[in-house]
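Consider the two complexes below, in which chain A is the common component and chain B and chain C are the respective partners.
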Partner chain A sequence: MSALLTVTSLTKRFGSQPVLLNVSLELGSGQVLAVLGRSGGGKTTLLKILAGLEAPDDGQLYLLGQDLRPLPPNERQVVYLYQEPLLFPHLSVFENVAFGLRIRRVPEPEVQAQVTAMLAELDLLDHARKAPHQLSGGQRQRVAFGRALIIRPRLLLLDEPFGNLDAQTRADMQQLFLHVSRQHQISSIFVTHDSREALTVGSRFAYLEAGQLTSFAARADFVQDPRTGITSELAFWRSVEAQR
Partner chain B sequence: MRSRLLPALLGLLLALPFVLLGLLALAEQWRWPAALPPAYSLTAVRSLLGATDNDLLAGLGRSLLLAGTVAVLATGGGLAVARALARSTRSARWEAASYLPYALPPVLLATLIQPFIIRLHLSGSGVGVLLGLLLVALPYATLLLRSFWTPQVAEYESLARTLGCTSAQAFRRVLLPLAWPRLRTALFQTFLLAWFDFGLTNVLSVGKVRTLTVQVFAYVGEANSQLAAVASLLLLLPPALLLWLNRPALLRRPE
Partner chain C sequence: MAASSSFFSRTLLPAYGLLVVGLPLAGLGYALAGSLGVAGPLAGGFTLHYWRGLGAQTGLLGAVLYSAWIALAAVGVAAALALWLVLGAQEALRRGPLRLLLHLPLLMPALVVAFYLFQLLSRSGWLSRLSYQSGLTTSIEGFPELVQDAAGVGIILAHVLLTFPLLTLLLQAIYEESRLDEFRQLTLTLGASGGQFRRRVAAPVLLGRAAPTLLLSFIATLGAYDIPLLLGRPYPQMLSVYIATRLQRFDLRELPAGYLAGFLVALGLLALIGLLVRLHRRHAL
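== the complex of A and B ==
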């Protein structure tokens, strides 16, 4: 399978502080790359460079064979989702989802049809006329998804999107993300510091620490790597089980 | 009983200057020790507003134009400067420097910049007064709008860019609506700052730009309290209108 995204030798420094060091990765169409790492490891900078919000110092970025570096963020068709849903407070739920279509001057009947279908898919049709502050945390995150998905992004970048949700809502959102990713054949990079979340949403896996990215050929390799902490957590639960 | 008395007293205290102004404008032969005017008439109002060479209405127009221009330029400029401050590596120092114009009274500031205004051949002109007022209003708007440029607003802007907005579209469709409540306050307050200014305007205009406030002071100087009261009522109209238009924001309860 030819790669959708190819990143080669990406380097970024803030002053004398290196943030990304020779980061290389490949992502195929429809894949979800789960990037695990602690805070300050360079995860957000990597996503911002891919989105065009930061410029790399060195390295190559190709999306479907197109050099991304000269393209401004609005021409990349790469959407960056923050930890906060960041719904526009002056717009209703419907208009939040319609935002990208309105920017692209999509005809009104088409906007109505596409947004209605998206809201139905995300189970938000009853909330279409509500203001963002009238929604729960999970509902807001679903609206943020809808707003991103409706413009059919070539690549979706998720920066710990469920970090502020409670455990149950977080689990629901992970399942919803998997469902819509498959439904819309979305390729994405999903950054998280939660190994369980990485294993749930990812189809490919990487670990980013101190600006250095390790890609794993198989899920088992990711699980076995001691830096991910998965083996030690498994050992902990086994010891709990053994004490029963 | 006590719960009604206090708001009533407070209401009376707030309304008293306006009531007195109205009485002064309409009073005839109101002399000590009468508590209220013995007679009322619209003579002073008619003589001021109905005059053929109506200096007062011309002053009102000049004041509206000057204060409106100051409000728009200071608010627009303040938003841009506040953004530059937020992005600066030494934002705290620049923010502190924005308070410097307030270390000087406006009259002194006007006296200090007067030589430059003369060299620019702007002395006694509306543009000269406008520049002087902007020196006070722009830092004020900057300080007022500095709190808008939070990291979250930068995230909103970045998100809008990745959703397909150009920089201009992100500003118009996202940043401007987000900033609107603060912009409205800045417009209102810089308008009032310019509208009620007397000292700076009087020095820089060298008596040639007769705004409504300058005219009110002239009537007060002539000890013509009735004409001063009529002119003051006119002076209160635009701020009262702005307060009325701004009432949803002013009466909004904190969430």
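== the complex of A and C ==
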């Protein structure tokens, strides 16, 4: 399978502080690359460079063979989703989802049809006329998804999108993300500091620490790497189980 | 502790309530009674004479329309300037001396600004003299009327000078508090241009949240006295100058008409304040 995204030797410094060091990765079409790492490891900077919101000091970025570096963020078709849903507070749920279509001047009947279908898929049809402050945290995050998906992004970048949700809502949102990713064949990079979340949503895995990215060929390699902390957590739960 | 709390609720609170609600309402009631001929130095008993004559008082209607024009133009220009600065000069507003310079006009009394503009813009003022000396004008009449003019340019300019720094600082605070920088980045990745972000997201969010303050500025400009007194004409007059003129006339028989004008203006301003309270409640959600 030819790579959708190819990143080679990406480097970024803020002053004298290196943030990303020779980061290279590949992502195939429809894949979800789960990037695990602690805070301050360079995860957000990596996503912002891919989205065009930060400029790299060095390295190459190709999306479907196209050099991304000269492209401004609004021409990349790469959507960056924050930890917060960041819904437009002055627009209804419907208009939030329709935003990407409105700025592209899509004809009104088409907007109505596409947004209605997206809201139905995300189980938000009953909330279409509500303001963002009338929604729960999970509903807001679903609206943010809908707003991103409706423009059919070539690549979706998720920066710990469920970090502020409670455990149950977070699990529901992970399942919803998996469903819509498969349904729309979305390629994405999903950044998280939660190894369980990485294993749930990822089809490929990487670990980012102190600006250095390690990509894993297989899920088992990711699980076995002591830096991910998965083996030690498994050992902890086994010891708890053994004491019962 | 309990005793001081009791003193506050039994004595200070009612006294304060009387001062800020009771006395203004009493004044309003007195103005109404005066307009009906039952209060005032020459009160001769209940009459609707002054109310019936309201339609013939073109001066009052003129003052209302003129004040509304001045307030609308001044707040509109100030808000547009503030919005333009906040959306176009983020770097300068976050760093550098601009922020400090915006605070300076807030320290100036309205009368000082009016006096300064009179010195600067009147036909005998500095700009007129400079234009005469440099040959741009050949007589005092050659310089345009910028103060005490029919359109109220001088009054509007003075209010803009006083209001736009305040609105800029307010909109900048809303910009930062509403995380509009993050919204900007998000909308860029959704495909929006910088202009689309400003028109479709930033401006509606900023103006929506600043709406109560904009209305408050409108009310303050509508009721302004010292600036129109110095920079305005005898006709048309702004409301406060018009009412003050009526109330200060030597002919005491003019007083009830002055009371009536004051009563109606106060009622109109109270309606605007009611709207302001509703806006506050909506934005508090």
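Annotations
Assume the second predicted complex is superposed on the first by the 244 of 244 C-alpha atoms of A that agree within 3 Å, B and C clash if a C-alpha of one lies under 4 Å from a C-alpha of the other, contacts with A are read in each partner's own complex, and residues count from 1 in each chain.
The rule is simple: contacts are C-beta pairs under 8 Å (C-beta built on N, C-alpha and C of every residue); 3 or more make two chains touch, one makes a residue touch a chain.
In this text, all values refer to a predicted model and were calculated from it rather than measured experimentally.
Once the two complexes are overlaid through chain A, chain B and chain C clash, as defined at the top of the document. With both structures placed on the common chain, the touch criterion links A:Glu209 to neither chain B nor chain C. By the touch criterion defined above, A:Glu26 lies against neither chain B nor chain C after alignment on the C-alpha atoms of chain A. By the touch criterion defined above, A:Gly52 reaches both chain B and chain C. Residue contacts after overlaying the shared chain place A:Tyr82 against chain B and chain C alike.
Look at A:Asp225: by the touch rule set out above, it reaches neither chain B nor chain C.
In the superposition on chain A, A:Asp194 makes contact with neither chain B nor chain C. Chain A uses residues 48, 51-53, 72-74, 76-80, 82, 84, 86, 88-90, 99-100, 103-104, 147-148, 151 to touch chain B in one structure and chain C in the other. On the chain C side of its complex with chain A, the touching residues are 178-179, 182-183, 185-193, 196, 200-201, 204-205, 208, 285. Taken in their complex, chain A has these residues touching chain C: 48, 51-53, 72-80, 82, 84, 86, 88-90, 99-100, 102-104, 133, 147-148, 151, 157.
Of all the residues in chain B, the ones that touch chain A in their complex are 152, 155-156, 158-166, 169, 173-174, 177-178, 180. Residues 48, 51-53, 72-74, 76-82, 84, 86, 88-90, 99-100, 103-104, 147-148, 151 of chain A touch chain B in their complex.
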